[in-house]
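Shared between the two complexes below is chain A, which pairs with chain B and chain C, respectively.
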Partner chain A sequence: MNRAAAGLLIALGLLLILGPLVTPYTYAAQDRDHILASPDADHWLGTDALGRDNFARFLYGGRLSLTMAAAASLAACAVAAAVGTAGALPGASHAATAVLFDVMLSMPWFLLVFIVRALLPLDAPPLTTAAITFAVLGFTGWAHGGRVLRDAAAGMAGSPWVRQARATGSGGAALWRRHIIPNLLPLLLTQFLLLLPMLMLTEATLGMLGLGIPEPLPSWGGSLAELVRPDTATQRPWTLIPALLLALTSISLRQLAGGTDKREAVFG
Partner chain B sequence: MHLALRFLRLPITLAITFLVLTALLWNAPGRDMDEARWGQTQTAASALPKWSSGLDFAAWYAGELLHGRGGTSIQFNVPVMELIAERAPVTAGHAWRGFLAAWLATLLAGSLSYFWPAAGRAALGAGSLLRSLPAAFVVLALVLAGAPAWIGLAVVLWPKASSYWLTLLSQSGGRNHVLALIAQGAGPWRTQWHGIWRPCARQLAGLLAVTVPLLLGALIPVEVLCDEPGLGQLAWKAVAGRDLPLLTTITLLFTAVTSTASLLAESLLPEAQ
Partner chain C sequence: MKHLLLLLPAALLSAAELRLSMRSDPRTLEPLAVTDQNSDTVRYLTTARLVRRHRITQKLEPELAEKWEVRDQGRTLVFRLRAGLRYADGTPADSQDVKTTINRLLDTVKAYPMAEGLRAAGIAAVETPSPLEVRIRTNEPVAGLESFFEEVPILSSRSPLKDNAALGPFILAEYKRGSFLRFQRNPNYFRKDSTGRPLPRLDAIRVDIQANPELERTRFEKGELHILSALDPESFTALQKSGQAQDAGPTLDGEILWFNQFPGAPIPEHRKRWFRSREFRRAISAALHRDDLVRVVYSGRAVPGVGPIAPSAREWSSPKVRAQPFDPKETAANLAKAGFIQRGGQLHDAEGNAVTFSLLTNSNNRQRMRMAAMIQQDLEKIGIRLQVVALDMPALLERMTRSSNYDAILLGMVGIDLDPNDQMNIWLSSSGSHAWNPSQKQPATPWEAEIDQLLKAQFHATSPAKRKQALHRFQEIVAAEVPVLYLVHPNALAAVSRQLTGVRLSSLLPRVLWNVEELDLAAPLTAASQ
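And then the complex of A and B:
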């Protein structure tokens, strides 16, 4: 299953990278003679209401959604690792991070993400708006992973092999650098792989409600916004393809996260 | 003492949320432009005090709260508490139905998985697929199929609830007391009741509390797409209209519910921490 998931993600990644070679259209190019066209040899997934090629928008949108979600997940994991390891240290740092986790996890982040996104001015550059949207999503996503990492680090700090390392003269920063942090990496990878689909799905929900990545930039969430119009799904079923690919990507990433989880259990 | 400190978290979280929200709203680019628009088109805007800074708004709002009010909505020109009292029953109506339906389906899937492990795997598979789709997409599909809002909430909530519960059940199924019950010849229902359900009652209550914030998160897309005049839709309208008093009150209300549910979950389910 893990190989299938990895294979699918690699194939999708290649398709997105080689996108410009696969389709002659750009995401913003309009073909006004083919408005809301059905799939044909020229437009493999038809066109949208502005005559833009759906397949090109899907490829470019996938690039943007995946890249930005990956960057936001990476940033969230870095924050989670920093706060999580600080929380595993005894004393004031443990107490301070415990309060921070509690507060972060008690806030209605979904509502705050909506607020931040809605407050951005309409004339802001689309790429800036997209970057801010994902930055906010990343900021809201670090706390769960941080708490998992803190507990894992605290568990490792009291484990027999760390005690043995201490007994053989390893201590302080060296103990963390050589023995604890390397063993946290698989868990960090799992958190990354779990956070990535979560951010992509949240952006897609924002996109469907009109607060995702702004036009003319494409995104998978933005592609799904077309479905909100009545009868689109029944009369133009190919508009469901982004949802299908989003689900496959998300399942594959979670499957890989499960694989790294097992590896982590072996480490533990 | 520890419990008292834990419950202090509620006002601290509310205060921090209030400060974060005020800072966000006050420093938002384009806020001045919108205020000018409100000044021309909304009568309520002229009736509201002119806040000179975010701190000024925070002080005004804190005073309003102390008097049991939340100010007047800029968009609707109606006291905020009146709007919330009007919309809360709509949200409560489908929220409890959705919550109940999601958890009944979860418990049913859990029970069936004990007799037929394939049913448990099928439930996990279906849950995994639903969790891999955007919540708004799932809700939209249900709306197009003519399903009411509570079904949408249940379908968004069920995958997460069932994943937690099935994991807990699979962990409990192999414990010594369960194996001892089976060895003593207890039937599957008795084994489930005495070996799993009763010992897990506290964890189950904790899991119920854990899913309350998830329900709140699903409210906005569900009520917006189903066109239900509840608190989720009101929050959406407040965001779209940058209605400061309304937005602040709804956010604090959601924060209070989320924090209380989290506190309850941690009290009942230490693993949640």
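And then the complex of A and C:
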């Protein structure tokens, strides 16, 4: 299963990187005489309601959604690692970090996205708006991973093999640097792989509300907005492709995350 | 199924209950305080007015008043009421109720928004020489004063039920907030059909609160709802095959775009200069493909935007004013005249500032989002970089009405009343609703001063011809100065069940329900759809 998931993600990545070389269309160009066209030799996935090429928008949208979600996940994991390990350090207040995690996990952060979007300068370029939106999503997504890392780090600190390391003279920062932090990396990778699809799906939700990546930039989330109508999927089934790929990407990433989790469990 | 049918009470099976839905709860059930469409629907069903606008002929017709007369060169309006009027609880309705209602409406403390027109008219006295006669005197002549009364619900001054005493065709029998409203037939309703049979024909109306338009449509297709009164073009096209979709033609509504001209707005000064430039506004207007907006966004179910008085308001719209066509030459000429130049595919003003600005719109309106994307592409062709910003409605309104922190806004304007006096609050320069530059102490421009003067003159004009002349000039000024770009006037699209009879869909609100007393169901809902 892991191989299939990895293969699918690699194939998707190649398609997103190389795809724009094979389509002559840009994501923004409107052909108003060919709106909602069915797939044909010119438009492989048909056109949208403004006559824009769905395939081009799918490729650029996928690049944008995946890249931004990956960057935001990476940033969120860095924060999770920093706060998580700091919370497990000797002398750190377990209660204080627990409160911090509880606060972060209890707040209605979706509202923060609305507020930040409302406060952004109106002339912010679409790419900047998209980056800030993902940054906010990343900021709101680190706490769960942070708690997992804190618990794992605290567990490792009291484990027999760490006690053995201490007995052999390893201690302080060196113990953390050589023994604990390297062993947290698989867990961090798992958190990254879990967070990535979560952010992509959150952006998709925002896109369906019209608050995702701004026009004319495409995103997979934005293309899902077309599917709100019950008859779209039956009359123009090709519009389901971004939704299916979003789901497959999400499943593959979770599958890989499960794989790393198992390896980590075997190791631990 | 047979068992289910047997279990249902006989009354339920025989009662003609019309079912429809609203997207949200009515904001108020207080008839004089109505400001939203849903509350207006409740008011329309449960109250009656002195006169009513026939939504097909667009003429005023008698309602509680069987006739009316203008005297003293437009300073006195006399209503003659029907005899034998009674509220649903049996309390008689007469001229005293009319007087009390008008006096309540003019209460300066409550400052009901719907009374703005009447207050401006300067009501000097309301007299009741007999139970069936009401005389309304004004300080100055007021054109079409009777039109102001087509929205004023006549409330009881004596019923123990107070404002809840229904004089309209239905009584509000049950209301579960967030769920449904149920109306029952008013047995004392004054109208009768041509055969003398009492109206309304329906026994009851159930209005479900249904926020999701997709679910609303699904319920209509399953036969659980009889009416969808606000269809978007996509749903209309989908329902056309079933033969239940109806198009009543262009509404009074307008999809509009305006630039921020407020001097205190926290936006760069050079942008304010662009937005204050008539040539700039005209250039933008001529750069837009309104025909494409109609064709692509509305599937042809709209007409290109003309101006503040939509062509469907036949009595008042100026034949000289037409929709601005796409005209690249006019755009180029206006931009050159205002000192703008193209450099490397980007438009710059005379001081070298690149022309780029943002367009705000509300995120939950798909048609508007598409229009914004099309406008973005149209302007890109003349070297203008437009940032489309979709915000949730509260955030947009905050920028529009409080901080004035925006460049341009794309929104819709709902036309409620055929009479142009309904728009006075938008066009008078002193008004807080004068969107592009509100609450001016003195008119900021000569043309705004002229509009103020024309609108006030038509308000007090005694002859319809003079009034029309002033209103035509007003429309010409708006077309020349373009403070607001009218993009499209959408059609009134509705879906009506084949079961429903007596429907005469109008482009004017409340569209299907305007003759609700004449509607009937050919057969009751089946048990399967209960």
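One rule holds for everything that comes next: the second predicted complex is superposed on the first by the 252 of 268 C-alpha atoms of A that agree within 3 Å, B and C clash if a C-alpha of one lies under 4 Å from a C-alpha of the other, contacts with A are read in each partner's own complex, and residues count from 1 in each chain.
The criterion applied here is as follows: a contact is a pair of C-beta atoms (placed from the backbone, for glycine too) under 8 Å apart; a residue touches a chain by one contact, two chains touch by 3 or more.
Everything quoted here is computed from the prediction, not taken from an experiment.
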item: Which of chain B and chain C A:R254 touches, first, second, both or neither; value: first
item: Chain B versus chain C as contact partner of A:L227, first or second or both or neither; value: first
item: Which superposed partner A:L105 touches (first chain B, second chain C, both, neither); value: first
item: Touched partner set for A:M208, first chain B, second chain C, both or neither; value: first
item: Which superposed partner A:F114 touches (first chain B, second chain C, both, neither); value: both
item: Which of chain B and chain C A:A92 touches, first, second, both or neither; value: neither
item: Dominant contact partner of chain A by residue count, chain C or chain B; value: B
item: Partner chain(s) touched by A:L122 [first = chain B, second = chain C, both, neither]; value: both
item: Which of chain B and chain C A:P197 touches, first, second, both or neither; value: first
item: Chain B versus chain C as contact partner of A:L21, first or second or both or neither; value: neither
item: Residues of chain A contacting chain B in one complex and chain C in the other; value: 114, 118, 120, 122, 124, 209, 228
item: Chain A to chain B touching residues, read off their complex; value: 99, 102-103, 105-108, 110-112, 114-116, 118-122, 124, 147, 197, 201-202, 204-205, 208-209, 221, 224, 227-228, 233, 243, 246-248, 250-251, 254
item: Complex contacts: residues of chain A adjacent to chain C; value: 28, 30, 32, 35, 49-51, 114, 117-118, 120, 122-126, 129, 209-211, 214-216, 225, 228-231
item: Sites on chain C touched by chain A in the complex; value: 214, 217-218, 234-235, 238, 289, 292, 295-297, 356-358, 360, 363-366, 369-370, 372-374, 376-377, 387-392, 395, 398, 405-407
item: Chain A-facing residues of chain B, complex; value: 9, 12-13, 16-17, 20-21, 24-25, 28-31, 33, 128-129, 131-137, 140-141, 144, 213, 216-217, 220-221, 224-225, 235-236, 239-240, 242, 247, 250-251, 254-255, 258-259, 262, 273
